[in-house]
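All chains are identified by letter, namely A, B, C and D, in their written order; residue positions are counted from 1 within each chain.
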Amino acid sequence: MCRWLAYSGTPIPLEELLYKPRYSLIDQSLHSRMGVETTNGDGFGAGWYTPEGPAAPTLFRGTGPAWGDVNLRELARSTCSGLFLAHIRASTGTPVQQTNSHPFRYGRWLWVHNGSIREFHRLKRDLVLAVDPALYPSLAGSTDSEVMFFLALTFGLQDEPLPAVERMAGFVEAVGRQHGVEHPLQMTVGTSDGDRVWGFRYSSEGRSRTLYVSTDVTALRALYPENETLRRISDETRIVVSEPLGELKGAWQPVPESSWGVVQKGADELGTFRPR
Amino acid sequence: MCRWLAYSGTPIPLEELLYKPRYSLIDQSLHSRMGVETTNGDGFGAGWYTPEGPAAPTLFRGTGPAWGDVNLRELARSTCSGLFLAHIRASTGTPVQQTNSHPFRYGRWLWVHNGSIREFHRLKRDLVLAVDPALYPSLAGSTDSEVMFFLALTFGLQDEPLPAVERMAGFVEAVGRQHGVEHPLQMTVGTSDGDRVWGFRYSSEGRSRTLYVSTDVTALRALYPENETLRRISDETRIVVSEPLGELKGAWQPVPESSWGVVQKGADELGTFRPR
Amino acid sequence: MCRWLAYSGTPIPLEELLYKPRYSLIDQSLHSRMGVETTNGDGFGAGWYTPEGPAAPTLFRGTGPAWGDVNLRELARSTCSGLFLAHIRASTGTPVQQTNSHPFRYGRWLWVHNGSIREFHRLKRDLVLAVDPALYPSLAGSTDSEVMFFLALTFGLQDEPLPAVERMAGFVEAVGRQHGVEHPLQMTVGTSDGDRVWGFRYSSEGRSRTLYVSTDVTALRALYPENETLRRISDETRIVVSEPLGELKGAWQPVPESSWGVVQKGADELGTFRPR
Amino acid sequence: MCRWLAYSGTPIPLEELLYKPRYSLIDQSLHSRMGVETTNGDGFGAGWYTPEGPAAPTLFRGTGPAWGDVNLRELARSTCSGLFLAHIRASTGTPVQQTNSHPFRYGRWLWVHNGSIREFHRLKRDLVLAVDPALYPSLAGSTDSEVMFFLALTFGLQDEPLPAVERMAGFVEAVGRQHGVEHPLQMTVGTSDGDRVWGFRYSSEGRSRTLYVSTDVTALRALYPENETLRRISDETRIVVSEPLGELKGAWQPVPESSWGVVQKGADELGTFRPR
């Protein structure tokens, strides 16, 4: 069980989402309200894209609780980005180590996950064997989340994200069934190539972890004409989160069960997620 | 806010108290039921005495959450002791670092603390100045808890523990008053020289953190004649804890507000704690 | 490049070998004299067997430099054992994390390694595929050393250690050749089941890392009749090390190139190591 | 014993000095050529100023060896700054913890130190007592280096850096003499307010740790007309280092024994350092 967020829009210091709101992501590391676990203290990470920076996003990942990490606080204060992902981890059994902290990165791509593959230790070998041998050496950690990322990469994430993630989910479920695991997959996933952000909410049993997307900024401004923050951010700014930040009523829409969405220039999209 | 326990009695593997009971100390690191904070993830420590080991107790202290520490689990399984203290920390502001994890040690003495000195950053200089200059170089960390220990040592802990801790409390309150701090001291403290264990429960406002002591073993055996564990442990075995472990009804007595106690060979003692 | 030692004999506090000798293992973490790298600061570990302890050996592993680890110093002072292995790590590229620190453990078995599999990232997938699927879920880290251990387990380490390690070496070399890697294997390995200690020195190019075994105690006593330590330890006490500890002339014999040895009750054995 | 560098000039990614040169600062963490200790693996830190960032510099500090820190590598690649300080630590006895890693920061000021106060544990109390009580609560760690910084702040660092540091040195020597410590002070110090960088080289015995400053860029360009890097950086770019980076002959001037210097807009200055 974990919590994550993805931000796309007007560049802001990371601390605006990680620390400042009531129920901020860092608050959730100590007191999640909607999580299966209330504490997410088994590591954390953030990955950000900057136009002037390197093509690949920059990663900062730690193994302790996010709430007490002095370096994260420093960097969140001084780092501005218009597209970033952040994650706080509650281990479901795999070791607490930097290579198991999200986001995971491959080339320009970042990946965060909340959920688990049930009985992963039994399924792991078959799942890992299906990872493209050319990608295999880049598998650095031991989590189900990273294997899901590398399966999605194997199935074409960099070219067509939606079908690749649907294939990954379908494959995990097929392997699960072969091993007699009921409801093998539970996930909300966020992934980005630096231009667009995709979000996925799905679970084999149809009761997925929560996921929310921020309400359209134009609509929010109409509701809260005096809100300073809303005036500063662009119309296209969007946030995807495991559980709502802040206290602004009407600011968050639940992402429906078994669905995918993409935040991008122009109209965002939302659709039904179907494992293949 | 922290949680601690002290054990004196028949030698047992540390894991018997740290891991095995429902609501064990390690459970409390993730889900304390009675603490001001429900999470105690800012470090941990254990100190144990062994007859065949070195005269000074052995310390094992970490900076991450106790619930995920692989080494603690290993050592708790393989280490037997008839007198040990353990602690899980929730920082009240001072850094998460090994020198701030409890127990603190000086010679044969160990010290654990739950609570705080209010506005410690304002009072700290005056408190530290009162530490015996010969002890000063042994102050290794930056917590209020360690300063309390060194003040108690300065006031004679090694010779007469009760008056030394009472003087420490009185001194902290006097310095607090000088700086206009209402209710400066909040504490439960456990300390030992390897032979006896002292417990203290006190706060300036008369609403101290909880403290419990295990019921006399003979009485418990009468209540639970079939309980295997109770048959194995000696009549003199006692446990002092911030909050009860396990689910045995009648196993725990609350330590009264403003009191001290000592667990020792022969009759234990309990009395009223009065800052001097 | 790493350094390790294995001790079998009269129970002693671990610090006798880890800290006290000139050129002790912990000294070697900062200043190895014979290593390819002079610094071994990428983690450390010790595993020890005790007759009264649990059947499986106890592990203590860290990720920082051994020379500064306060807990290791504490435990080495208070832990006595008649059979223990210890290791200091210099990473050859894989992450510095607890699951990559030696010794590795499986059941009653411990394993330490100095050396590397060349171009491991290219060979890893084929090597891991050959690990028994029943053992695969216990692979916890990402090093070549752990894969070598699990291959040896797959090839029968628990039943017949020598042929199992020879098969492992032969298999690594065969996979290396398939991938066009010249001289794929470089190793000194120590392994134990709690009763006996095996040591192996081998490399594909015939220029293996150094390995030494302590001289027979009876012979040493004749050389140094006044030496107190030699009087205290049993005739069968033996130490295997990557590089000599202390300054006693004649105390160490180099283990020959391409050989194996076993320290056991009764006569020790030494033979030629031949990959199968 | 430590190593540090200070950079002032054309904004560059930190990795240009921390990683890319032969004998880079990170190389020196594993293999210092001129240090009293060859390994500087007890923590590290960097502090940087950015015009668009917060007024106070950003700090990133770790407790492990710099050579293996994945986050440092990420940040050094993506962070550009025209004024930064970096430091790698070899502890002279005080604990390895984040609050003991350099740079230290107070307001806009950063401070790095190589050297030590001899018998600091005996002198510490008198030195700390002299720190301005208003500054005292900001003392976070336990090193001699941080106490020197806070003494310099007490003596007016923020208004007149040179006399403040000279008074600090004089005070440390006076306290040392009172305690019968010969040659109490050994230091090279770098400090900055974000506009200028001061460097100090001094020791009580007149044999100070090495310090170098980069040769005037105009002169270097004349020597190396083809060098690309030299064409890109401004005439005023300067680097101060414990030991030279890279292999460019003539690029570094030793800072004389007992001297101070300042890198600033307009002509830099150099003078004799005299403890007061």
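One rule holds in what follows: a residue touches a chain if its C-beta (ideal position, glycine included) is under 8 Å from a C-beta of that chain, and two chains touch if they have at least 3 such contacts.
Note that the coordinates shown come from a computational prediction; the quantities given were computed from them, not determined experimentally.
K.L.:
Regarding the subunit A and subunit D pair, does the interface count as same (over half of residue numbers shared) or different (under half shared)?
P.N.:
At the contact between subunit A and subunit D, which are copies of one sequence, the residues are largely the same (over half shared).
K.L.:
Fit subunit A to subunit B on CA atoms, both being copies of the same sequence, and give the resulting rotation angle in degrees, nearest 5.
P.N.:
180
K.L.:
Express in whole angstrom the distance between the two chain centres, defined as the mean CA positions of subunit C and subunit D.
P.N.:
Averaging C-alpha atoms per chain gives centres 41 Å apart.
K.L.:
Can you pull out the residues of subunit C that are in contact with at least two other chains?
P.N.:
Only 70, 95, 98 qualify.
K.L.:
Examine which chains touch each other and state the graph shape they make (line, ring, star, complete, other).
P.N.:
Contact pattern: complete, every chain touching every other.
K.L.:
Enumerate the contact residues on subunit B facing subunit A in the complex.
P.N.:
That would be residues 30-31, 38-39, 41-42, 63-65, 68, 70, 91, 95-96 of subunit B.
K.L.:
Name, in rising order, each residue of subunit B that touches subunit D in their complex.
P.N.:
It comes out as residues 95, 97-99, 121-122, 124-125, 129, 133, 136-137, 140-142.
K.L.:
List the residues on subunit C that touch subunit B in their complex, please.
P.N.:
Contacts found on subunit C: 50, 52-54, 58-62, 70-71, 74-75, 77-78, 80, 98.
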